[in-house]
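Presented sequentially are two complexes of subunit A, the first with subunit B as partner and the second with subunit C.
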Partner chain A sequence: MKILTKAAAAVLAAGLMAIPATPVHATGRAAAPTPAPSQGTLTFTIGIQSDVDSTNPFTGIVAEAYEAYQLMYDYLMQSSAKDMTPSPALAESWQESADKKSWTYKIRSGVKWSDGQPLTAADAAYTFNRIIKGDYEQTNYGNYVVNIERAEAPDPTTLVLYVKKPTPIMEHLAIPILPEHIWKGIDAKAVKSYANEPTDGKPVVGSGPFVLVERKKQQYLRFVANKNYWGGAPHFDQLVFRVFTNADAEAEALRRGEIDYAYDLKSAVYDSLKNTPGITARASVYTGFNEVAFNTGAALADGTPIGDGHPALKDKQVRQAISMSIDRDTLVKRVLNGNGSAGDSFIPPIYKALHYVPTGDKQGYDPAKANQLLDAAGWVKGSDGIRAKDGKKLSLRLFTRDASKDSQASGEFVKGWLKDVGIDVKVKLMSEDALTEVIGQGNFDMFEWGWVVEPDPDYQLSTFTCGKRSYKDGGSIYADLSDSFYCNPAYDQLYDQQAGETDPAKRAALVQQMQKLVYDDAPYAVTYFYDDLVAYRSDRWTGFVAQPDPDGSILFQYGIYSYLTIKPVAKETTAASASESGGGGGGAPVVIGAVVGVVVVGAVGLVLARRRRTASADERE
Partner chain B sequence: MAVLKGTSGYVVRKVTWSLGTVLFVLVFNFFLFRMLPGDPISLYTKGRNMPAEQLVKLRAQLNRPLPEQFLTYLRNPFASTINSTRFNRPVWDMIGERVWPTILLVGTAVLIASVLGVWLGIRAGWRRGSAFDSVTTGITNTLYAAPEFWVGMMLIIAVPFLPSGGMSNPGEGGVLDVAKHMILPVISLSVVYLAEYTSIMRASLVDELRQDYLTLARAKGLREDLVRRRHAVPNALLPTMTLIFLNFGFVIGGAITVEAVYSWPGLGLLSYDALRGPDVPLLQAVFLLFSIGVIVFTLIADLLYAVIDPRVSAA
Partner chain C sequence: MNRITRARRRTALVRFWRDLRGHRTAVAGMTILGVFVLVALLAPILADPIGLDVTKSTAAGHMGPSWSYPLGTDENGRSILTLLIYGTRISLLVGVTATLIAIALGTVVGIAAGFYGGWVRSMLMGVTDWFLVIPFLPLAIVLATVLERSLFNIILVIGITSWPGTARLICAQTLSVRARPYMERARALGASDWHQMTRHVLPNVMPLVLANLVLTVSIAILSETTLSFLGLGDPTRPSWGYILENAFGAGAMSNGEWWYVMPPGICVVLVVLAFTMVGRALEATLNPRLKEGAA
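And then the complex of A and B:
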């Protein structure tokens, strides 16, 4: 029975040990590669806390999977390391046609797949058409191609994409280009369960700077460098993603040099690695933000009200007052340990061109102003210090996420600050999935959560449109992207306008205007922009490129810059001797299992034999 | 053979009972997990760049009436068409990848703990109150009370020459490599189980100490260790055998904490992930497997009991 009760306790313990939540990253310990073991293979090992959920780019979803796709395949463009604006990759250049009906991309010539076949515009056209016409293929990339009619490759270096209407997404097509000669053999049905893993020792065919040669689920992925990469050969031979389900063990592995880089650290572990000789702990500016969201009046996309949100939150004065009661600097200091910055509008400042910096009526920490606003809105303090209006108390629920300690801490701080201005808050913890469900039904007042914003802002902008509110299907209500149920026709109009604006400067102006609307109406109180926390062996590796320059992330970027530039500090310290390679391969568990089995049978046999012997002894005595 | 004949009714009864339990679990699990809140579509589509029309299509595929879903499920609960909601892969493939590491790890630990525990229990019980007895009881109980993740973490830090986690090194994976990775997790698990076996074995041996047949055996002039080995231990072993086999039934359930501490790619972590979703098809399959494991080993324990203690089948 013990094991089961242990399982229950483990769920609790797991929380303490920070089992990785759904997302949002050593030395050169040389390991012998399976195909041809060789001495002195230079390996860069990255510790990750969520396994790559699938190496099939149509299936995977976690950040670690997207990083693997970037390494295995080429993309038409990437975000520049300097400022995250679109910059050339497999496409050397591109241009919108004068009639705005098509885009032409010049594909690099002389690029080869890892199996030696040439990569041409036909492969790119194939990939796009497959997604456009596809069903399952739309799951991960559908939104990029909604306005693309078809793809054509008139010659090996020219790709033409015909669009239904002008769209700026054509400069942000984050779609891996797949080899037609491999993927044409995987039909619409087979693609759903296609693993895209190395089989029979044959690596996965790709064109990126690394080739996937080995994959053990929930353990590691092993890539070898593509020495013929068009962007230049990486300065090391082998790249490993190693999965850790225990953040403290990952930190220990970094200290010992079992790994070279630890990705996606929590602040406690990050702090423990600071000031360790040989290790650099880095807090990089990141693309994510957190917010306290309000139920601004839950309704379906057609306007039918749903849910049980507190009516006070339909009033933007109340929402602004709450926003002003939140001391963001304290949240950054106490919740993030200083690894972040105070929040304002919902496109993070890492996107310099797009981020709106509030001017005029700012919602900075100002309890006096908050009290004034609440008074003006008709919510009067009672004898118990809680405000009320028409006999209804200003008592609000705030849902926080059990998977995030930061969320829980933020919740407690906000509860205290709101009490000071006469608002009673009941904090309730729930799982992220339960919370998704509750939000979709509109059964909440406030919750704490966050987003990671892509270089193309369209997706993020769409979350505040009327059309993304929940919808009804077969009698049940389902969540869409909107989680504040914000609906403002002026905003929707700007949204449509930016969606067709292909001039980056003009579009940026529209995007800022939209953020201003949302900031003033306050469906969200954006609390903070958190940093990407990593640590790496700076005594062994150097040459990382930050995106954006100079304080952005150095790996897990929108692009693969650092993988091409990092190199060992000094060759002799990193090229350790290759560890001995045990034969057997995948047969090991079976062999050990067999040994264990024999021991079990032996033990049982022994007991029975003894018993029989005892019996005969009794008879004799 | 006369014994077997008398036992056959007992065997048939036990097997039938086990099959009935499996059937009950099948039905019960299906409805139990469907009562959990959560929308499979939003679980699957969260964070994906999926257009709205695609979402509607996907939902239509999944919105089949419950009785129809139930019948499909009953027809073959082990079908390769049952896909995980979150990972969109056949659940039995996912379980297949994770079940061997778990059996290897937990099986080895239970085995070591039971052999060592029984041995310690016999020594401690036979000389009750001795220094050996108090030291053994003290140590095993302390280890039993220590949190597994703490013991695990301490071991990792204390033994820097063994891997900090995982099951094999990239590019390796030979027997020696896996064995090296197993040492710390097996120790962590064994020390936790040890106390159970030690104390049960000790207690049942102490019960036997007062029995007349031991006095008789001594009166016959048998040496002390023969009295212990041939008379006391076989009788005292009965309750411990039951415990050992029941625990083997739980082996398959894994040990979530130790798997998490050592990044061991086992079933325990998979079931935790499934529950978090909740990923109903995966959860259902994992629990079916756990239940079958327990039922099968309970059956084995029952049958074995009849062999080693004929009173059971006679009753």
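And then the complex of A and C:
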């Protein structure tokens, strides 16, 4: 979730399948069996498209997995629903010591694990120490503990974390606190393959608002509400994550009322749900952005040049010109169907305090200015309309991702716009695995991808530092976080400064300054901020909490607010509108389905007839 | 080539043409094909290629049919009719080129296997059988995934997955040709293997090759559509399968936009049908045994 966009993570998860990165088109309903509803149990069912890859919090990477961890375990803090600033969770309060060498967290008392054992600061200390000393355990949470030396629990309600140097990340420790009495039995080797799934009918021991009681891979996860949850009992008894193969099937299930909430919808499907009675479709402001990234001069962290990037892109003017040739409003309108906003700097505007809004230096859509910049950079238009300099053509490769329809569409648009300013673009589609590889080696000119930015900006900021460029180990080159190979000493200096700044306002100013640098140097042309598209049965459920208020996501947040507040609407209306929406609609899709079916049957018939014919001709010989 | 042969060939051709015209299905098939070939050739006249550029479209997306957009618009506001016209080009190009590859491969393998016999035949036919038993779609999908997504590769994939049927057919025919007395005579006169294969075997299996060629085109076009629909085609060149894939991705099925889904589907059916009709008629005309059976 931190490193990968939803789609990327999904592809990684799908990597287990025989043919990776092959889009699977399947119309109609997914025949995934759901757990049988028990009498009198109130169930809230969420449709997801990427199965939780692992319920072991050290292993899973998809957004759906992180959501499951939030439900199963407690965290020291969460991001507030109002504006995503740190707010108390398992830790009621925290304090940085006067000498800035340690942080003390006051752990809630009286909290119990689902097996009845008490949850104390010792469990929290155990979890932190395990990650700090661990190897595999660092994969998902390593960036939170880089600066933490050790964790101690002097008494059951006090957790002390000793730090190497002051760091603001101590207020954003998104680490699930695990039960020591269970996990101490799973050693460093066993944890790699530990499933953390219910066995022999025994649920997974946790402390969150829900307890995982059943899991069927690629089908569903079933949770039971923790009625003793310290934050208040959820207003329903059971929570189900049901896995669908595509958004169409998921939307259909929502229409039929088989699920209550559809997550991760595509804009086309989302639009088709907009005017359905009983269903509310919601485009929430989200923490992700997409960009066209440039190879600004691929090199290893030590400065050794690598890769085969086009030399023109080392020139900031050329990159700015490309950025100005992209009509972002049209991208939002066409590619996102209007469900998003035009991009500028790389911390999304959802983080109001941190987002840098370009003003005088804005690289708006301006082909005339782009042409000027390119002329000034020495790239002159030839007779074929393509610019060239010293006999080298301005012909760039643009890699888009075959798993994403939006990525492909963006590529088409960018190609068209760049042609207008005299840049020849060769679009090539790649699987996300292959693209990651190619980026790490620096063998690209431009690519289209995106990031999901966490409430704490440190991780995202680090992707533009010199030290995060690729590295060499043995004979091979490995990718680190940097994918544009941007390297600016002034930026690195600011990065170190913000990493030690614990005053939120001062830090925000630094973060904005860093974004301004990057915006001007344009290693990325941020194309758009996309919305989180979901739909839910508003005829049955109410009480969702948006994060941030009022336009943010209502589930799959940095926190579990809605799960504690959603409740069923009054019984009578439920029955009435359910029967109403269950009936009509769906005529046109059926007709089209039938036509397509006939076409397919006809085609198969032809092939079969042809086969038989061949066979008979064969026999006659 | 002397005058007598030339005259004989001309009469044969005239007779063939007359026979073929006698098949009503052949005429219908050729008419349909003619229309599609014309559309493919005249594409730039029928529709401005600028209509394919997403950045130049001004219309709203997802529009239904209207006078200015007879088949409506796609999600990016491009005219679906324009896409369809240019799609004809790509679909026909892929179909025909892939078939040429498949037929060339199949004919070479078939003739070599049939002519040499023995272990050569066992080996070549072994390979052919191996290709024949592998289900086509998974093999094509794997190949298309491993290779880059480009027009050339999609042609290659279809070409190398659809030759085994032809190879078997040609091999069988070659076996029967090889046993004929004049082949023995040619051998006795010292004709080389190459001479025998090109001068005696090839002309004799040619009718079969021709009929098979036309029939394979329809399968190749269908394969192209399938692979493109599965997202394995060249995304920068619109074929009919590409339009269908886009329609699916844009939610045309959920939204009931029939004008987006049906035209490419109908085009595929028509062309495949036309090729099949012509192919069958060719087969019946060229293969004397089938002709007798029909009479």
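Brief remarks on what is shown
Convention: the second predicted complex is superposed on the first by the 532 of 621 C-alpha atoms of A that agree within 3 Å, B and C clash if a C-alpha of one lies under 4 Å from a C-alpha of the other, contacts with A are read in each partner's own complex, and residues count from 1 in each chain.
Criterion: contacts are C-beta pairs under 8 Å (C-beta built on N, C-alpha and C of every residue); 3 or more make two chains touch, one makes a residue touch a chain.
Because the structure is predicted, anything quoted here is derived from the model rather than measured.
In the overlay built on the shared chain, the residue A:S93 is in contact with neither subunit B nor subunit C. Once chain A of one complex is fitted onto chain A of the other, the partner contacts of A:S109 are absent, as it touches neither subunit B nor subunit C.
By the document's definition of touching, of the two partners only subunit C reaches A:T330; subunit B does not. Of the two partner chains placed by superposition, only subunit B is touched by A:T245; subunit C is not. Contacts of A:F413 after superposition on the shared chain: subunit C is touched, whereas subunit B is not. The larger set of touched subunit A residues comes from B, when the choice is between subunit B and subunit C.
Touch criterion met: A:K266 reaches subunit C, while subunit B stays clear of it.
Annotation: subunit A residues 19, 22-23, 248, 431, 587-589, 591-593, 596, 599, 603, 607, 610, 613-614, 617-618, 621 touch subunit B in one complex and subunit C in the other.
Residue ranges of subunit C in contact with subunit A, taken from their complex: 53-56, 61, 75-77, 138, 141-142, 145, 148-149, 165, 168-169, 172-173, 175-176, 208, 215, 218-219, 222, 229-232, 235-236, 245, 248-256, 258, 261-262, 265-266, 268-269, 272-273, 276, 280, 283, 287, 289-290. Subunit A contributes residues 1-4, 6-7, 9-11, 13-14, 16-17, 19, 22-23, 31-34, 37, 43, 45, 53-54, 59, 61, 135, 138-144, 146, 192-193, 214, 216-220, 222, 238, 240, 242-246, 248-250, 252-253, 256, 258, 431, 433-434, 436-437, 440, 459, 473-474, 478-480, 579, 581-593, 596, 599-600, 603, 607-608, 610-611, 613-614, 617-618, 621 to its touches with subunit B in the complex.
Partner subunit A is touched in their complex by these residues of subunit B: 37-39, 41-43, 45-52, 54, 56-57, 59, 63, 83, 86-90, 97-98, 100-101, 103-104, 106-108, 111, 115, 147-149, 153, 156-157, 160, 163-179, 182, 192-193, 196, 220, 222, 229-231, 234, 237, 241, 246-247, 250-251, 253-257, 259-265, 268-269, 271-272, 275-278, 307-308. Remark: subunit A residues 19-23, 25, 27, 248, 251, 266, 268-269, 271-272, 327, 330, 334, 337, 402, 405, 408-409, 412-413, 416-417, 420, 427-429, 431, 587-589, 591-593, 595-596, 599, 602-603, 606-607, 609-610, 613-614, 617-618, 620-621 touch subunit C in the complex.
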